[in-house]
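Given below, in the form of structure tokens, are the structures.
Across the two complexes that follow, chain A remains constant while its partner is chain B and subsequently chain C.
Right after this comes the complex of A and B.
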């Protein structure tokens, strides 16, 4: 198993788009304004081939929310934004009256909450549509350089597959872009594909 | 209310092939005589409506090109008798309000037997 068909990717993009819609609804209730989240593309790549361009990582520091999901397949999920974008999102979530030094204080908590909402919305949409149950760990937020993030993504030989979702997020008309990355073992990818095949089989 | 079982034409608009398959499959299960056609974006849908002249339409919002709500508005301006249901995972109040203002309804994704029934009930009242 080293690739997904166009129909598999279409099914996963639709599942994640539904998840993004659920996350947008939750976030709009927090910020009290319209929130748009879209998932324009889903890619599957080998972890060893992942690079800065794949994740649009340039220089600077990045905020990463990690969460582990387990069930019929296990996945390490990482939501990535530049730290500058992360702080803007925190500002939108916490209210614009807050001073910059106060924002940093809430960065950890607010980014964990954002990650928890987006990751769980995407994974719960997947679980509902593909008919299985997933459990999640608590979210964990770190700030790291692009090199540190890439090293971490490539280092686990037990999880050789990386599913990358590009995410566009707009809160109060302000656009930010990030990535949602799932690290999958070979067995987990096979199980995920098997569930997508079962779902597609019901449609034909 | 009596249900009109005569063959109707429905246009399914969604950029996801899987989503179109899912909608078609659920509709066929409940209305096997209906004739379906499909479009993958709002612009294609607007062009197809002139040719296919469907009775009903399901419309996604987030698609490449113009949003589905804008496509629905253009279709209804030219063909006010078509009944449109907007299918979207984005069910925030702004989208629901926009759907209502167009004289359509917004039904939340994922597409299930229940959500298709909501759409078919809306079409039946047309």
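Right after this comes the complex of A and C.
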């Protein structure tokens, strides 16, 4: 039962939209302006089939915020933006407090916080709605090339499934596209599917 | 230190902190080293702020660091809601982060970048002294008390030093970057910068097929000047000539570099040959007009320069620098205080333009 049907994916997209809404609210409080986050699509892919196109990874360097979630299912969650976009987001979030050349030194810390807000919001929404509790590590930020990221995503044979959420983040009129990637083991995927089934069962 | 605390929560297991007991939900074997210390002593010896609050945000732990930097003793903080402990307001972002951490049981970070000073903490507490709050980096981790109550461990580190260090490192690296490419005497580009720039300029001109002009400039009778006036005066002349050459440049794409001793080189893209010729003349006049006396200059009795120019669209193995050097040699042979231009290829179309 290691697959998600269209119905499952729709339900998850709904769950993550709620999470995205929570994250946007938290970010708005920090930025002091409207922030909108939407999750236009959710996909499930075999890790070995993942490529640059699925994640719209072009050339260049990417900023990745990692958090490891554990509970009824374990997932390595990675939020990906191009490094250039990451710097722009940080710059938008900090407003005029800082000169652009000063941004780089704060990029890591600020991206950790941004990633933490989005990841926690999506995962806590999922936990609330599907009725379970999750624990998590603190966020960790790395900058890497597309090849390095793909290599890492594919190399872990214990986590053969990859759930990809395309994310659209708008801060003060600037739209940024990113990806939220979950690496799942077979057992974790099975558990996730059964939780979604229970949830769908309650609805019907 | 923050990391090691979080990755080894076992250190915080099972020991008593005064009346408060900290324990996470998991049952881990007690590390043998933990038996040798009171957890309270460790918390108090830590050089970071530690505070634990329960779901009602009441303070259950308040270590020495946070007491020292807030000016609020442990006894005055315990059991009060965190936001009421301080006489000054706590930032709203801090409170909503705390609320999220308690509600969702997920760890939260507050970066210095986005929240400089969420809590009213200071380096030194001195009454009657207005001072700036300490820059803080905060993380919050959900933990459970022995009574199975959901709590939040707040860790605060002073990020002032890392901000200061970053600034110092950045300004050093900027200075070093500038020094590595600047000539110490004249403050124009140095040979190292020129070598790198020249290669790129030639490759660009080749690829995009536009003319590039290289000017080799040499101060006439410089050795006799040095011998007569001394090296310090010689250095002054080099500086004055460098400035005169630099003052003739107005486009961002043009560079002048000290090539060696009393030799300079200019790289200028997109210059038609007749313009390059006129420009060389401008350079010569700019130095001549400095009117620096030089009694050992047999012809002019003042400082002059000779210029060799090579101009054209580079192809294959064309060596503009060698050709400019040949032109300079000819200018010297012809009697100095003049410029000679050699074009890369006489038949090129741009010559007729």
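Observations on the model:
Definition applied: the second predicted complex is superposed on the first by the 201 of 204 C-alpha atoms of A that agree within 3 Å, B and C clash if a C-alpha of one lies under 4 Å from a C-alpha of the other, contacts with A are read in each partner's own complex, and residues count from 1 in each chain.
Please note the rule applied: a contact is a pair of C-beta atoms (placed from the backbone, for glycine too) under 8 Å apart; a residue touches a chain by one contact, two chains touch by 3 or more.
Just so we're clear, the structure is a prediction, and the values are computed from it rather than from any experiment.
Look at A:127: by the touch rule set out above, it reaches chain C but stays clear of chain B.
Shared-chain residue A:7: touches chain B; no touch with chain C.
In the superposed model, A:109 makes contact with chain C only, not with chain B. In the superposed model, A:138 makes contact with chain C only, not with chain B. In the superposition on chain A, contact is made by A:90 with chain C only, not with chain B. In the superposition on chain A, contact of A:53 is made with neither chain B nor chain C.
Counting contacts as defined above, chain A residues 128 meet chain B in one complex and chain C in the other.
Looking at the complex, you find that chain C touches chain A at residues 6, 92-93, 96, 100, 103-115, 137, 139, 141-142, 163, 166, 170. Per the touch definition, chain A reaches chain C in the complex via residues 26, 29-30, 90, 93-94, 101, 105-107, 109-110, 112-113, 116, 120, 123-124, 127-128, 133-139.
Residue ranges of chain B in contact with chain A, taken from their complex: 16-19, 21-22, 25, 62, 88-92, 94, 108-110.
Taken in their complex, chain A has these residues touching chain B: 7, 10-11, 13-14, 17-22, 24-25, 28, 34-36, 38, 125, 128-129, 200, 202-204.
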